[in-house]
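Order as written gives the chain letters A, B, C and D; numbering starts at 1 within each chain.
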Amino acid sequence: MIHFDCDYMAGAHPEVLDAIVRNNRVQTAGYGCDDYCDRAKALIREACGTPDAAVHFMVGGTQTNSTVLDSILWRTDGVIAAETAHINVHESGAVELFAHKVLALPSHDGKLCPAEVRDYLHDFYADDTHEHMVAPGAVYISFPTELGTLYSLDELEQLHAVCSDYNIPLYVDGARLGHGLAASPDVTLKDIAHFTDVFYIGGTKMGALMGEAVVCTNDKLLPRFFTLMKAHGAVLAKGRLLGMQYEAFFKDGLYERIGRHAVSLAMRLRKAFEDKGYKPFIDSPTNQQFFTLPNDVIDRLMQAATFEYWGPRGETESRVRFVTSWETTEADIATLEQLL
Amino acid sequence: MIHFDCDYMAGAHPEVLDAIVRNNRVQTAGYGCDDYCDRAKALIREACGTPDAAVHFMVGGTQTNSTVLDSILWRTDGVIAAETAHINVHESGAVELFAHKVLALPSHDGKLCPAEVRDYLHDFYADDTHEHMVAPGAVYISFPTELGTLYSLDELEQLHAVCSDYNIPLYVDGARLGHGLAASPDVTLKDIAHFTDVFYIGGTKMGALMGEAVVCTNDKLLPRFFTLMKAHGAVLAKGRLLGMQYEAFFKDGLYERIGRHAVSLAMRLRKAFEDKGYKPFIDSPTNQQFFTLPNDVIDRLMQAATFEYWGPRGETESRVRFVTSWETTEADIATLEQLL
Amino acid sequence: MIHFDCDYMAGAHPEVLDAIVRNNRVQTAGYGCDDYCDRAKALIREACGTPDAAVHFMVGGTQTNSTVLDSILWRTDGVIAAETAHINVHESGAVELFAHKVLALPSHDGKLCPAEVRDYLHDFYADDTHEHMVAPGAVYISFPTELGTLYSLDELEQLHAVCSDYNIPLYVDGARLGHGLAASPDVTLKDIAHFTDVFYIGGTKMGALMGEAVVCTNDKLLPRFFTLMKAHGAVLAKGRLLGMQYEAFFKDGLYERIGRHAVSLAMRLRKAFEDKGYKPFIDSPTNQQFFTLPNDVIDRLMQAATFEYWGPRGETESRVRFVTSWETTEADIATLEQLL
Amino acid sequence: MIHFDCDYMAGAHPEVLDAIVRNNRVQTAGYGCDDYCDRAKALIREACGTPDAAVHFMVGGTQTNSTVLDSILWRTDGVIAAETAHINVHESGAVELFAHKVLALPSHDGKLCPAEVRDYLHDFYADDTHEHMVAPGAVYISFPTELGTLYSLDELEQLHAVCSDYNIPLYVDGARLGHGLAASPDVTLKDIAHFTDVFYIGGTKMGALMGEAVVCTNDKLLPRFFTLMKAHGAVLAKGRLLGMQYEAFFKDGLYERIGRHAVSLAMRLRKAFEDKGYKPFIDSPTNQQFFTLPNDVIDRLMQAATFEYWGPRGETESRVRFVTSWETTEADIATLEQLL
């Protein structure tokens, strides 16, 4: 059986796991106050080109999103996000649990349109009754999006400009950031750091056992963040585990290599489908690929491969998602090619 | 340097870590829907003697307490706890973040007095204005307590009886449950399961990388718990990691062995202090030991050992805490004996 | 100057105010535990044809919506509502403040489409990932809607059926209930009580100084509601004031008379506009009327009348809202007719 | 029957009610954007000697406390209060509902001891683990307290100094402020305004139908307060009613007169008890008086008077509370004197 369900089906990338195993018996202080975390933070700051950025490690994506948003949003503010945003759909209302409304704007293959964000903000403040309404206090985007798509550097700059004009932070959910950066023709990690206020460098979907690294370049944000994290249940006692993994990711380019590996196999996978005449229904350049397939093809593939079924499209076809990751091999793709 | 600061300074017990390493490349579904979790749950149910108990895995203690309490407490109810309870002191208000008041009763070396709990409940309902007050909706105890002390079986039965009479659940924070069971003259894991409604079997402080296992024997509690966990940011994507570790803990008695190891070394450590005439200021039978020491002795020990300083007591003495764990060795204790 | 801005610009209807003035010096217990409240509740139960309904008095609409929804929704559930719903737009996120997501469906002139609600519920449970999503835990409608429109008896029955099938409550925001009932060709107060689980009979917009009366016919809902109200800051110390006003409303048909008065003047007002060729842009049978007017007409009207400006429509026209109430007089309408 | 249960048993003081009745048909904008509110705010600012203070009107005390505290406390901060504080006992956990812990310090007849507050703050920041704890983000006192006692001017200055040193606001719950000011030998309304950051001038217990006026002299506090109030359900649609009442209170000294009236009758009442040998068990100079009485005396009084029973004290005595207000008459006191 070959697996394309998602990018968190196995444990950790061997180099990441090795960092944990190798240092297992070393004793350190808890809660991230250790040398591994310090070194990992320094490496991340360097990779981002932001020597003064604050870096915080958390365990998972939903936790990271709701804790960061709870910090950067004013008490009753909401957060602008695409209708398809993870925080709007698949986090069980974690943003609302902490009292913030998700202000959903139309999704363009998973992306917000910068001009629509600007219009929304303009119209909000033009409305005489806006003090009775939930104010937009931040903009959330994911890079890549839940549909595998990417913002161009130009779009990122435009979103940055809108947020600056309205003095609200731009926050990037980078659950699959490495896959996005590997696939982007123009956006680099330094651009992400430059054009946003807060973002996280996803670990769980990039080959860590668990872990997400929040990077905050706006020094007015995330005050007293440790206490807020603790109250959210987001502080890992053995915080060193996160430091060890991120040190492994960033000390010699592993994070980038993982992204390139998964994206390059995703492109081979896509080509395999296209060669058979199956077009993707979303044009994703990243490690998630989306196809409409005849149901009999799906049935045949399911004999030997796992992937996500996204529901019927008409009588004879259905939509499916295939995901590659650090654990996908050339052999897996070859097997899939043969199955097709 | 030898370390007695706490029981979460190193990584994982080798047998626990090995389970993760050995199965690293196996691919499974996410979010705890995997065979490792299933087997671990079955082993835990068996160890507890509760074939129908629900078992849920979470990542850390604060997260577990606030999620479980958020589930078992009615909207505006509070939870009775000792003044010294972890939820009342060292969780940054995580219980309050989810809208519940901690109703603090006097601490008797970290323990609630069952009779005082009964009186509190009686007086609450006897008060004509109680509908204007926060109702006590659950009782929280820790086993062992934050001060290393233990409830006797008799006390546990009494608390159970009070809670039954008032129809509110009894919840046990078992962050160090294994250490408590190893030290208790009469309370077994089956007793904990029998006399309480919900409890958790702590992993982080017992030799796991991370992880806590919630066991719920009252089938009216914790409805739709997965969704609540998700909203709390308490669902681990690679949930299998928790299953693997608990399987290692419970498949052949490792959890008990770790508890016995730590407690037996704690007793040796205590004897070493007592032999020198330093009495513990709390009579703890578990892996946390508390002493009042002359300041010059503390200074001397600090040259070669780490431990927690709890503040001065008078001019010439101070209070300190020493903690043993799976990682403490006979050699560590011998070194400490020599230092004294 | 004549006023058509809204239905809460003056104090109270004279008969309602008189009840407060007449009984001013009578001393009673606080918090609604008085004979006025008891009698008002009995009158409301009788008018609703629900001898066993629970009745609770609160002060304002936002407070009532957020307190009731906080009670009837499970911890992380959301509430289905039309995109234009008051709770989704003009309550500053009060529903989210108490951790619940508003699940917005398309608005059909302010109304939910019962079939779309059914589809939403069906699709939600058909989605394999629904445990990661906010579950729809109640349906909110307003009667009349924020756009003055009304559900027919048939639509009400359909919504009731959907909610029954999915075992979730149907809640009606009746801020202007009296105006809606006066205008409806088929829905009576008894129908509202029969086909819903909870609703409120609006007072503030119907001629009370303040006050809303929650009626709950589902005896499984609103447990320990007084304590929840208190925690929400929604218990009025001098609760008698609410009882006095609702007794005045319901003891001899005043509530109905106020509704009929406002609606009949609204129809005259509408006819005045239509006679001049100005068509309403929403077909509202109730006390809110919406027109597209040439800007010069608006300018002329503004010399002598107040009303709500809803923004431009093209270059030469704009949208406006006119509202009648207990305080609108025949003379006001005659003056308006002359102005046109 | 004569009534001494509490100070909110009747409607409104005639002059207050008259302001509402007289202006009943005047039409104004809603939500407090009207001339009555503007004039009332100006009068309050003048009475407080704070020309720049922000003034906000809310409906009731619990609502006011939880909304103000939700605004002035940082996300996870708690509020220091006496154990007997209204927010700690009789508000159903409204402060916790909005995620803030009440940090209860010992009550000295209802009052905080300034030195103990200073020690608490000192010890908190001296504790190495304080980032894991709920930080004290404000100090709450009531003037007069729930037990009728008063802070001296010196104590108020000391509390102000502590709060200034730790840069946290001092907030005063003034539910009965007028009664407290009338009784205080040295504290004036201007002192309250000078030595605190936020306080409210209670209306409900001073002769208003309902209403509390928040005064904020610290211009860094209460940003965007209207929206927060709205989300809390604390904005009254017909906000003018609050303006009318406070204008009546402050335009020619009515608020002070009501306080003096109630306090002077409370002193006569106290003397009546003392003349019979019944000593108060709390030395309250305000309109609440607390006595320990023989049970047979209580039985006799209950034939002709109502008051609050506070529970037995030994076999033959019980504690009771008598409250005077604007509605208490000389004749009521004379009747009580005869009953004794």
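We take it that a residue touches a chain if its C-beta (ideal position, glycine included) is under 8 Å from a C-beta of that chain, and two chains touch if they have at least 3 such contacts.
The structure presented is a predicted model; accordingly, all values stated were derived computationally and were not measured.
Student: Find the chain most remote from subunit C, comparing centres computed as mean CA coordinates.
Tutor: B
Student: Please work out which of C-D and B-C is bridged by more C-beta pairs in contact, and write that pair.
Tutor: Pair with more contacting C-beta pairs, C-D versus B-C: C-D.
Student: Could you grab the centroid distance between subunit B and subunit C? Build each centroid from C-alpha atoms only and quote it in angstrom.
Tutor: Chain centroid spacing, subunit B to subunit C, equals 50 Å.
Student: Can you compute the centre-to-centre distance for subunit C and subunit D, using the mean CA position of each chain? Integer Å is fine.
Tutor: The mean C-alpha positions of subunit C and subunit D differ by 34 Å.
Student: Please output the residue numbers of subunit A that touch at least 2 other chains, ranges allowed.
Tutor: 76, 91-93, 97-98, 131-132, 227-228, 230-231
Student: In their complex, what parts of subunit D are in touch with subunit B?
Tutor: My answer: residues 76, 78, 89-93, 96-102, 104, 129, 131-134.
Student: In the complex formed with subunit B, which residues of subunit C make contact?
Tutor: Those residues of subunit C that touch subunit B are 70-71, 74-76, 131-132, 135, 223-224, 226-228, 230-231.
Student: Flag every residue of subunit B that touches subunit A in the complex, lowest number first.
Tutor: Against subunit A, subunit B makes touches at 3, 5-6, 8-12, 14, 17, 20-21, 23-30, 59-64, 66-67, 91-94, 97-98, 204-205, 209-210, 227-228, 230-238, 240-241, 327.
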